[in-house]
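These notes concern the structure reproduced below.
Chain lettering (A, B, C and D) follows the sequence in which the chains are written, and residue indices restart at 1 in each chain.
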């Protein structure tokens, strides 16, 4: 069964990874998005993430359910609040019997999360504050 | 700089993940292959992996170097010896500025590792012992 | 009909948690957005790129069967991940 | 010329760590494999699917400039990962 979490707590990558381990799966693909220092010439100091919580959680369920229905396991966590450089903002993990599926579904989940889940970043860069990306 | 390891020691997923974190990278994709219980009707009890060590390490370097030359970081570990169900056999991680690249390169690395790196598995299933897959 | 519309991100910073707008019965999402933009013309561009959610679901085009009991939200382009 | 060829996996289990075979000067990989298969006919099939490595590099087709100082290995289909 999928595990989904949006909260201000730091993302514990190892604990989330452990939720994906199971004798029935041979391949586990994870994506972790961290706060990057440079985007071209723009230097980021920190990021604040906010969410429309109940809707964001519903949207994650809509993403996870069809992948789980194919027999895989899905773990997604997104952090909100204040994040410093290299802090994990998002974890998306898929465990599946076959690795090709795990790669495809993990990338689909992060791509779709970035379009369909109401979470916003407010980036404090050295020169300005920027919403979005 | 890449980190490559082939040894009998258990794979410490979290320690390997930590090697991929860096302010210059925003996306980290990892693949972990674990010992799966069922392959169709065949039930696996445990697996022994062996390697042609110096050549396997050279082959991993040949895989990692061109990806690192594109500005990414590569971490690969393969365990040898006796592995039980759910034990990690292989870890392949790529950190890159952009997540699409990280997904592509991680999958390329595991696909190529499975074809070009002299490591062998001897699977002890409930009905028979099988080499390869 | 008056609707309470939840706001988020830069719109929340500029306009507060909720904006109250007057719209026709069974408004379309575009009519709701238009009413918000009319009240905040300097934010017209970002409001234009936002989507309307009703009861925590993105809406399709066409008239929305919404009343004062429904939870309406204006969702600016998301940027999680 | 006599070559010492390292063996791995199921071939190592069946035939030991090293097999010594006689091959022409500048043998091709296929000639080395053929010499090993001639010595172990019941393993002909797996030897046929194996590759030859010289000094820890897979070989291309064509004559190999190998002598007794080179490290020759017979690499059965790999199955790591």
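The criterion applied here is as follows: a contact is a pair of C-beta atoms (placed from the backbone, for glycine too) under 8 Å apart; a residue touches a chain by one contact, two chains touch by 3 or more.
Owing to the predicted nature of the structure, the values given are computational and were not obtained by experimental measurement.
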Subassemblies held together by touching, chain A left out: B, D | C
Chain separated most widely from chain B, comparing mean CA positions: C
Length of the line joining the C-alpha centres of chain A and chain C, rounded to whole Å: 26
Centroid spacing, where centroids are CA-atom means, of chain B and chain C in whole angstrom: 48
Distance from chain B to chain A - Cα centre to Cα centre, in angstrom: 23
Multi-chain contact residues (two or more partners), chain A: 33, 110
Sites on chain A touched by chain C in the complex: 33, 49-52, 54-56, 58, 78, 89-90, 110, 113-122, 131-133
Chain C to chain A touching residues, read off their complex: 6, 8-10, 12, 53, 56-58, 73, 75-81
Touch list for chain B against partner chain A, complex: 13-14, 17, 21-38, 85-86, 97, 99-100, 102-103, 106-107, 110
